[in-house]
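Each structure below is given as structure tokens.
What follows is chain A paired twice: with chain B in the first complex and chain C in the second.
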Partner chain A sequence: MKIKKNTSTMIFNIITYVMLTFGAIVCVFPFIIIVSGSLTNNTTILTQGYSVLPRDITLSAYRTIFNAPKDILQAYKMTFYYTIVGTAIGLMMITLTGYVISRREFKYRNTVSFLIYFTSIFGGGMIPWYLMYANVLNMKGSTFAIWFPALMSPFLIILMRTFIVGSVPEAITESAKIDGAGHLTIFFKIVMPVLKPGLATVGLFLALGYWNDWYRSSMFSTSSKTWELQFYLYDLLNATTALKQMAQSTSISTAELPTQSVKLAMAVVATGPVILFYPFVQKFFVSGITVGAVKG
Partner chain B sequence: MKEKIKGLSRGNQFLNKELANRKTGVFLTAAVSVVAIILSLPFFSWISIVNIPALFSKLSITREMAENLFQGYSLFNLLSFVQESKQGSLGLYAMILLILMAAALYFNVAYALKIAFNLKGNKGNLGLYATGQTAMLFEMIATAATAGFVIFANYKFGMTGMQASPVVYILFLLSLLSFAAIKLLEAEERALYKEHGLFREIQKNWVLFLMLVPTFIYFMINNYLPMLGVYYAFTSFNFRDGLWASPFIGFKNFDFLVKADLFRLTKNTILYNVVFIGLGNALQIVFAIFVSQVTVKWFKKASQTLMFMPYFVSFVILKVLVYNIFEYQYGLINNIITSAGGGKIDFYNTPSYWPVLITLFYLWKNIGYGMVVYLATIMGIDSEYYEAAKVDGANIFQQIWYITLPLVKPTFIILLLYALGSIMKGQFELFYQMIGNNGTLYNVTDIFDTYVYRITMTQPLSIGLGTAAGLYQSVFGFAIVILTNFLVKRKNPEYALF
Partner chain C sequence: MKKKRRLVSIVLALTMVLTMAGCGSKSAVESLNEAAPAETTDNSTAAEAPAAAEETTEAAALDTSERVDLVFYVMGDAPVDEIAVEDALNEILLEKVNATIDFQFSTWTDFQQKYSLELTAGQADLIYVANWLNYGQLATSGAFEELDDLLNTVAPALKDTVGESNLNMCRVDGKVYAVPCSWAEYTCNGVKYREDLREKYNLPVPDSLENFEAYMLGIKENAPGQGLLTVTTEESQGLLTAFDAAWILNLKYPWVNANGLPYGLASNYDTPSDVYDYWYSDDFTDDMKLMKKWADLGFWSKSALSDTNDSEAYKSGLCVAEIAGQNPNKQIAAIKEFEKEQPDWKSEYIAYGEITNTIYPGHATQNGTAIVRGSKNPERALKVLELLMTDESINRLVQCGIEGTNYELDANGIYHNLSTSIPEEFPYEGFNTWSLRNGDYKLPQETDVILNQMFDKYEELGSKTKFPNVNIYNGFNENYDAYQAERTAVSNVMKQYLAPLQAGLVDDVDAAVEEFRQKMTDAGIEVCRDGFKEQWEAYCNEYGYK
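After this line comes the complex of A and B, so read on.
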């Protein structure tokens, strides 16, 4: 009996370790290809194709990027700008909203919650949304149209409300109210200080969204000055494909095109900060997802 | 002033007089509701067409076209006339009228039914009065707007071509009076339950309202005001007339959509999502169980961290990956194939590979996220269950089958319901970055979101069609949410979405 139990546990353990190792490799493998491609000599890629490990290691791709860094620095600067402005304003608005809809004495909290939730189950669609910013507000080409639409989301507001309800006991705010504290005092002096994990989590979700966005630049940017980093990368990839096709049909020299390894190096540079911070911020995302999932 | 108060209180007394155990005012206002419902029926025309020969020649309506037209219109068939008049902005106005009318009708029916069956909420008649007031308010707005429509239309025609029938004015007056009557009735009831209205509430908690102002502005601009734009779905856009004045064409965009792309788009969007939900959840649960069973600490942490990583990179990076692996000339796979002596595969021109590839990369990006959710549930399971099972001699597979899986089920159901709610929403970024503008693959990879995006970016003249596709997607998705929620609520209210 005992032996049988141990056999099944052992079989299971073997499966577990094999599957998890496999899963982890599959998840990381593509990143390795990118990094090693960016370190490989471009002619080697052209003659032998991509490979898992770098061959003929060279930093020339990175050197090419940082020799003429004007465009990429501009994209970096704009992305930082969008991320900081959007996250700061969005976080403030989300926290205020979360606070209001968590107050018992606010009679319309359910109505407001529903109106916020409703936006996630019904909408006018992409075109009316686009025309709202582009034609009605006439914001095409502005930076406003890029950071404003992503300020809040129903998911983050509900998540914030859950954090507030979980970390600020009703009794504390009640006694503060009896002592004569107004809503502003309660919000800034009592709620905000104990809400740090919630603020970090929601803030990081917002920041990640801003950093990885390319979509709003593709819709609203009219010049490359306002491009987001990811859109800059996207444009680089697409421009190369288009130019390559043109070059084939008209036989222009392709020497001027960004080479394969340069594109990969660009991808590394554009993702860099996310992967760099990832080990440290991961736990906030885990807590956010867990809290959000439990309360739904 | 005193006279007025006296008059009011006399009116109040009359309204509050008991009649068959109910208040007189309730009966009177219910009667108004019933009258409003009857007069809203399509037999009563609210707007009549006058000066027909002059008007038709002005709008260049031919004799054959005129045979389909009537002399009088209710708000329900008004759009059919507007369609012939070729005045775009009238279409928008008539559409708003239709919505107002529907709302008024809905609330009037609700009010009448509530009175007929003597339904009471937990705060007595307050709920009833709220319904009544809403009904009367919508009736007032609908009738006033109808009168406004006639003036606006005549201004547009440049002549008197329409007339509002007396029904409109009578209904306006009646609903105004009953609105006031219900207000009076409500005041009495409010005092009873110590309730007060929005105005007092704002006075009391103005700080809270102030805190919501930015959020209100945001959702207005980003979500609610664009909903008005669904009107474009019923127009044929041209640059001369602009967005709001382009000709109103009714459901022609939808007709075209049904004939051309609707079935394919619906099928693709739903099928992909079904596969994503099914495979995604299954793998997430399996891997969460694996991770939960690992006892070596660093391995547990490392595997979880690494599998969560793809969630953090942008879809543009995903595009780079896919391209590097599947590209024809230098791609990794073709590289391996050629070095093994095989012939190259042209992935980017072969549609049949892509459903599998898209699914694989969806899983790649999302396994870590869902795994975190399930892992939290599994970690929350009381270890006593497992101890007891071990004592009874259950092996690890039995423990998982009889303890872990049943206890994970609630989380699975919640996630499933959420996913069902957005089954009509495609994974736009995934599809667009993987496929881009590669027309050869559209047949198996085009979903609503990519279809509409293409129209937005490249075909400004088709925005009516694009909006129609988006509207269909929204309404269909919304219907699925409501239906799911209704069924779940009946079966097990705990899982209801709202």
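After this line comes the complex of A and C, so read on.
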């Protein structure tokens, strides 16, 4: 079957395609520069600048990285660990919290919701936050300090609650109750199966948050063994700038700093898995966000 | 109902005000600097009084019966062999003073912020301090332990090694809060230029503004297409200059500090307390005309004001001289790089001070170690610091790692790193403890041969000045709380009006200078100048810099 096209749809389509193509180029272009730069000889980058297609192709940057891949692999391992553990536990806790504060029979649900919501507007600030984890809970240096602080977020809890309220009618759980189901049975047998899109959305938000985080490593890691991947890369860049700055006022060695092409190759190596992984979960992501949105 | 609604609206309004107040207030670090000391001063004065009393009676006998685990907070990233070297170090320290030490690293990400946090959290005992980490301000606000008494009772050997005059430079409001390193280092700014090109085209050594111009012009004529200078605004942040090219003017003026004093003031090294005006003087107009001439000759790019700094330009031959933010160590780095990649090229260095007779070493607060206020074991921490600095084998261990594993000395006593991997398992000064450098034990690296030659030359020149080998300017801490707003305005006018002037990118220099001066006056430069002069003169009086 063919859908009839009239002129206005044609024009609309053309405009849409042009805009989308433009948007896609804007998004892809920097990445192409990175990939091409990582394949270019370092001196060529310095003398001739970056280009879309690599000139003087060489794999030496990648060779440098994979000569001593220990650090980057360790950072990968830790990031996978944080992402999996953090997402699993966080998802569990957020869903449970969302479910509880969506139940009518929970008398204090408004108070609890308010307390959760309150923290999304009023935070203690960075210093109390740091002192809490470092001095009170004594977590500094442990891997715990890196995934624990990000387990729950008010935004995701509210998203989950809205989703549960919208997709699980009170009547269903009530009838299950009459049939003799307890809270756990109701939650796992009746509510959870309906929540799949919601779980996918919240899970993706959490996972992306963990994958992209560098701040908690920066604050709480005392050994490079516990670094997240993004921090490993970010610190590499920062170290280069900081050492060059410092060399102005005191004698320190700046000979060992990574070259431009090595930095770019690092970026490629770090983005690799996300690019491979993203197309497969993207459909959940898109549908999840629209499903999770508040419907009128 | 109406009441309730009104209540809600009040609460909402309050919420908004509060959140806005939160955004508008000072940055976290700043407020931290203010908040932290108030709290720490209290408990420490309480804790200190009995401790001090005890010390004076017991004198040097330090009680080491109980094992103590100390934390030393240092900047930068940890070396690969951190644990191995720490273990070796702790073995000795346990035996000598029954203490261990654990180095914790700031990493180079957000290090300023984390440094302040570390001081607030107070979990470290020893901490690296430096003027670029706001040593003066932090000491004033009570972040560190006072060391005068402790040094006498616990670590007299350390005091001798470092020397009274060095310690005095670390005094803030009359008290010592940090132990500087005992290695005099010269970081005098200067011109780095290509000696091979100079010889090839038979040009003069760029040791004056005329000769510099001749050098540049010579290369421009003989090698068309060769880039000359890659100056930007990046090495010229702050309140001294606004564009890198203006650094070359140091060849002309014997100023107390490279680029003069802030707010367009200046004073000569021989008469530091005699402050005079530069921006409103005729010299300034003449200098700006010279900059315009050079810009018109094409010494630097027309887009120099918006270019970003390319620190590898010299190495890759994009420029033939570097004039801003250079120091002997960068010259050494250039020599090393040329050797590796461009064996025909030769780099030479002229310090501005060589020409104007204003050579002096780096200030003592460049690299120091302090004890964090609130440390439970300040005496033991100082004792450990003494060992780290004054015991030759311990000092070598902490600076260079384990001999035979991490490094070896060749027949001439030159240091060679033994690691085969990148990054090195334990690089030279791998713990970034630049503050523990001891001039007597510091192992020379290959490149240090040239560096030491340079330092020897500077030391000789420096000993002939009016204040032999004293860095006058960098011990001064300006307190600009009273004129913060004017200071910011001045800084903005510098970026907007001074930068194009110094980059020679104006049509009519006289008119542009006039406009710049007018804008400066409007911004409140007089307030800043008065405030600065008063403090500077008080500082000069205190130290006898007349």
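Here is the rule we go by: the second predicted complex is superposed on the first by the 253 of 296 C-alpha atoms of A that agree within 3 Å, B and C clash if a C-alpha of one lies under 4 Å from a C-alpha of the other, contacts with A are read in each partner's own complex, and residues count from 1 in each chain.
Please note the rule applied: a residue touches a chain if its C-beta (ideal position, glycine included) is under 8 Å from a C-beta of that chain, and two chains touch if they have at least 3 such contacts.
Keep in mind that what you see is a predicted model, and the values were worked out from it rather than measured.
Given the touch rule stated above, what does A:135 touch, chain B (first), chain C (second), both, or neither?
A:135 contacts both chain B and chain C.
Going by the contact rule set out at the top, does A:67 touch chain B (first), chain C (second), both, or neither?
Touch partner of A:67: chain C, not chain B.
Answer with first, second, both or neither: which of chain B and chain C does A:103 touch in the superposed model?
In the superposition, A:103 touches chain B alone.
Considering only touches as defined above, state whether A:239 meets chain B (first), chain C (second), both or neither.
After superposition on chain A, A:239 lies in contact with chain C alone.
Just checking: does A:222 make contact with chain B only, chain C only, both, or neither of them? Give me first, second, both or neither.
In the superposition, A:222 touches chain C alone.
When the two structures are laid over each other on chain A, which of chain B and chain C touches more residues of chain A?
Counting residues of chain A touched by each partner, the higher count goes to B.
So in the superposed three-chain picture, is A:43 touching just chain B, just chain C, both, or none of them (first/second/both/neither)?
In the superposition, A:43 touches chain C alone.
Hey, what residues of chain A end up touching chain B and chain C alike?
46, 121-122, 125-127, 130-131, 135, 214, 218-219, 231, 234, 238
Across the complex, what residues on chain B touch chain A?
Against chain A, chain B makes touches at 201, 205, 207-208, 211-212, 214-215, 218-219, 221-230, 232, 243, 286-287, 290-291, 293-294, 299, 302-303, 305-317, 319-321, 323-325, 329-332, 334-335, 338, 364, 367-369, 372-373, 376-377, 393, 395-397, 411, 414-415, 418, 421-422, 428-429, 433, 436, 449, 452-453, 455-457, 463, 466-467, 469-471, 473-474, 477-478, 481, 498.
Which of the residues in chain C come into contact with chain A in the complex?
Residues 15, 18-19, 22, 28, 32, 35, 76-78, 82, 104-105, 107-111, 114, 117, 120-121, 123, 132, 185, 187, 235, 310-312, 315-318, 325, 327-330, 332-333, 336-337, 341, 362, 366-367, 421-424, 427-429, 434, 451 of chain C touch chain A in their complex.
How about chain A: which of its residues touch chain B in the complex?
Residues in contact with chain B: 1, 4-5, 8-9, 12-13, 15-17, 19-21, 23-24, 26-28, 30-31, 33-34, 37, 45-46, 48-52, 93, 96-97, 99-100, 103, 105-108, 112, 114-117, 119-132, 135-137, 148-149, 151-152, 157, 182-184, 187, 208, 211-215, 218-219, 230-231, 233-234, 237-238, 260, 263-264, 267, 270-271, 274-275, 278-279, 282, 285-286, 289-290, 293-294, 296.
What part of chain A is in contact with chain C in the complex they form?
Per the stated touch rule, the residues are 43, 46-47, 64, 67-68, 121-122, 125-127, 130-131, 134-135, 140, 214, 218-219, 221-224, 231, 234-235, 238-239, 241-244, 246-256.
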